[in-house]
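Okay, so chain A shows up in both of these, paired with chain B first and chain C after.
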Partner chain A sequence: MNTAPQTGLVLPELAGRAPEPSTSRAAEGCAIFIYIYIYFFFFPPATSFFFYFLAADPAVISPQDPTLLIGSSLTATCTVSADFHLRAEDLYWTLNGRRLPAASYAALGPTTLSVALARLNGSKQQSGDNLVCHSRDGGILAGSCLYVGLPPEKPVNISCWSKNMKDLTCKWAPGTEGETFLHTNYTLKYKLRWYGRDNTCQEYHTAGPYSCHIPKDLALFTPYEIWVEASNRLGVAVSDVVMLDILDVVTTDPPADVHVSRVGDLEDQLSVRWSSPPALKDFLFQAKYQIQYRVEDSSEWKVVDDVGNQTSCRLAGLRPGTVYFVQVRCNPFGIYGSKKAGIWSDWSNPTAASTPRSERAAGGCDPKGGEQNTTLRRELKQFFGWVKKHAYGCSNLSIKLYDQWRVWLQKSHKTRNQVLPGDKL
Partner chain B sequence: MAAADTPSARTLRRHDLCSRGIRLARKMRSDVADLLDIYVERQGLDASVSVAAVEGVPAAAAEHWSEQTGTQRLLDNLAAYRAFRALLAQMLEEQREQLGDADAALGRALAAVLLQVSAFAYHLEELLELESRGPPGDDGDGPPAPPRLSLFEQKLRGLGVLRELAQWAVRSVRDLRQLARPSPGPSSAPGMAEGQ
Partner chain C sequence: MPRPSLPQFPRVQDEAGAGGDSWGIFAFLCAALCNLPAVPALNGTEELGAGQSIQKTYDLTRYLEHQLRTLAGTYLNYLGPPFNEPDFNPPRLARAEQVPSATVDLDLWRGLTDNARLAANYRAYSRLLCYLRGLDGQAGTAELRHRLGHFCSSLQGLVVSIAGVMSSLGYPLPAGPAGPPPPPGAPAAPNDFLKKMDDFWLLKELQTWLWRSAKDFNRLKKKVPPAVVTLRLEARGF
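On to the complex of A and B.
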């Protein structure tokens, strides 16, 4: 015995956009009738169209799936199969679901109706406009997709980069209007300049919609010719050829092991250290680095541009007791004597560190004005004495020298505190 | 291991598989409904267009649904989802041929539903295994390739496939709910064991 009724057509908790499957327990003889009834229940012919899929083609549209230029004209014909007993006057046309005016029709025979379309606009969807021949009751007899558009335009602005000299990625910009209406296919091709044969890039969209990645088998020391072919149903357009040597377009991973640490108790400084990109360690190259840093509650980065090829740097003039985020990037250039400027890597992941809190700002410990003046005078006197000893002429005077002195001062404080606890300046 | 073979363990396992299957089918139905919206829009079709029958697309409508055995339900479902797997793969390929990767949203949605259909077919196979019935062999290629259709016919066939799949997802929920019910005895009609 069945445990529950099974005949409901709509499942309440599942009722939604898709119609329910019919589940009938009708008697054997009524089964087909009920099936048909259920079908028509969901697809009433008054509100929808039928396409006769299983039968022989009820009609044929010519031309089938044509490609046309914007502004051109087309005359299409719909010829009904004799089996369907339909005449030309029983037919009508729609384009993308809109009925075309009868004035554009002509009966070319008892079972053939034509329609004339003038000054066609670009296709409404890239899958093609739907030109459909209907019978009087709205049924679909045949359909044809129209592809109306423009030939592709030359791709422009090709730029390429090689990560650690192992691969090559190129980007380009499409023409302005070539793919507005028709799907356009892009193929990046490359070959060694003097004796290579054409190769086709296989991995598209790796760095955005108009990009391709060549993962391996690239030669060094010989320039490549690179170009992009754009093709659609209306033609092909080829970009200008770009010539490049892999060595000239090398970029690398962001510097590894970025460490940010305090400089003793100096409250306005942080020290940054990093390692050069390991992937390039076996290659002869130079490197430039850039640092950028920002305070925790700001999105504005300050860039330190003059780091040169050192792998450490001190940030000065910072706010005491503040968390800073620091990033470093690398530009490998001059690889095997390349004269090109090199390409900056991505920034390293942010590394955070805080500057020490200012002791003077710490509430009651702040000395009184007179005492502060005396301390400052004493420090300045001490600084000038130190400069006389460590700087040779004024040409070397810079904030770095001042920073060095501050470090020296801190160290001497510590030493004195250890030797003479409680002693004051 | 011994516990896995006891009737109560099997019942629990069947119930668990059915519950998970119901969740899968519901999610699939919701995703197919979204996919239908995208599909109709991208193909420029009228949402009210009806496709009477599409060759190779299994119909969800069943004449004696309530009288089907549990095994028969599973076998019908499995045959249907294997067919949908092949049909959706074909649609995806045709879509890529026509538009490349340009219409990423439609391609992604189609691929996601194809994955769900594959997962659901696998789930049904597990249920059949539990029944000691084992799934029937899968030739992997699905139904024989239909004759080459015009581009407009391809559009309509795709619509028919997605609509029927949406209906199947609803039917599958009901089928699995039937299967999840405790079976009064090995000989009763709608239970799980009667099909053996």
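On to the complex of A and C.
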């Protein structure tokens, strides 16, 4: 196509096509020219193209938008409308933009061309494979979207939890992992075991792609049946039914106000205190707690399991002069008198504290003394710098402040170079 | 604040060769000056606001243009080849006339009054927004749906912004599709392939409109401020 955008008018290539008869068509033609002008004025094409304006469908493809199983075969036909003066020999097919071999074509009539597709693979995109019938010069006459895939498999691993007995969130896993050629719709359904009416969950994707949240109208003390239906164009699959009572899957917020402090001068102990999550007092359940802690530089957590329902605990057997990170979580149990445990909450945000430094290492006759002093001095300098910036002067100076600074150091990854391994003993 | 003085007038006069618009402005200014003692200085600030609104609207069209590039790329990949091929150009079917076209004769475009220019933009984006909202709700990944939603909100912002410019310049909003009514008489595509073509053309028209709007608002930007500033300072002078 010859284009000269600056001159203003461009003639589209109409070689081999009958001229449009009526004046309305001519007016439409004018509109095209102007369109092309503006089009090229704004973004000139890299390659030539064929452009024409149609009032009726130029061709019809059959089958239109079929759904097929992977591995099946298909014969599609393209029938050109009489107005277009095209014959079967003037047509060709493409699938997803790639031309199909002429060997698979067959002329079924003067204006009808068919193509045979064997052993189809799954659709390249969920919107369907694009099977297109073209005229010889590349123009698109008609298209059909092929949906090729597999029926869904039943979803598995349904697990649910209720936050403070107020709602229910469930998640599941799809039966087939990996690619799904067809779009699959998941519906979570639930009903009271002995009442019969199915309900559908409405809020999806609240805790990941395969999850749903039921915010209200949930009954307690009575079992629910919950299941997930997966459906796509090829069929439906229903998961196994899960039966549960809301009170059995209760979880709550993590404990609040976690404080970790030293126990006097004891070098190997820290005291942890927290308050129970606020929801606890409303719901007639008790809570049991778990603590986990780790040394500043390690990623290995130690768990303390036998905390019971106290809101404080003393950690013993710790290393002196070390910074520890501590987290607490809780599990509501004995809900309305039942003996079962609920589901553990999330861990609280980590809190840091350090054990007092051992007396032994502070001797002046220690050959490493000089080295330690320089390190200590450097650390102190940095500490005071930080205090000036963050602690509004020295009135709040306390060992707590020093611990906070150590946590801050850790976070800004400067610890590596400052603390010598020797100090940790 | 410096007075850009009366020389503004000769400048407007020199532009007379460019068409009737400049004479219109000049005539308006004369009429305004004659009535100036009755004109509260506050009018001046309102019209200065119009200049800022126009700038904001211009910026918004550039932002949307940028967003559209990514969105269109993702959506066309979802439609699959050949829709996402760079030289793809399917036939424009008569039914596709429903989508407002940005194309217009160049001289006609140059000669549009400010009101007509703004109204064309307002009407086009109101309808484009409708069609965009009607794009397949199940389309592709959650990420694509999220991007589409975000783009629709921004486009809604553009419609509101244009309405703001129109009212600050004293033009009435075009009657009819104010806000999003259901696409009037637009038949649903009879098959999935034609629906894909409709989606393709919708994105293309959106792209062309944003290109054109940037030029529309650039033009408006140049026209509105000088008259406004002169008016405001003349008010101070009295």
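By our rule, the second predicted complex is superposed on the first by the 301 of 425 C-alpha atoms of A that agree within 3 Å, B and C clash if a C-alpha of one lies under 4 Å from a C-alpha of the other, contacts with A are read in each partner's own complex, and residues count from 1 in each chain.
Heads up, the rule we're going with is that a residue touches a chain if its C-beta (ideal position, glycine included) is under 8 Å from a C-beta of that chain, and two chains touch if they have at least 3 such contacts.
Because the structure is predicted, anything quoted here is derived from the model rather than measured.
Once the two complexes are laid over each other on the shared chain, residue contacts for A:Q125 go to chain B and to chain C alike. In the superposition on chain A, A:Q64 contacts both chain B and chain C. The intersection of chain A residues touching chain B with those touching chain C, taken from the two complexes, comprises 31, 34-35, 38-39, 43, 47, 49-54, 64-65, 96-97, 124-130, 132, 140, 142-145, 183, 185, 205. Partner chain B is touched in their complex by these residues of chain A: 1-3, 6-7, 11, 14, 16-26, 31-32, 34-35, 38-39, 43, 47-54, 64-65, 96-97, 124-130, 132, 140, 142-145, 179, 183-185, 204-205. Touching chain C in their complex are the following residues of chain A: 8, 31, 34-35, 37-39, 41-43, 45-47, 49-58, 61, 64-65, 94, 96-98, 124-130, 132, 139-140, 142-145, 183, 185, 205, 209. Only residues 26, 29, 32-33, 36, 41-46, 48-55, 60-67, 98-103, 150-153, 155-157, 160, 163, 166-171, 173-174, 181, 184, 188-190 of chain B touch chain A when the two sit together in their complex. Residue ranges of chain C in contact with chain A, taken from their complex: 77-83, 85-87, 89-94, 101-106, 136, 138-140, 142, 191-194, 196-197, 208, 211-212.
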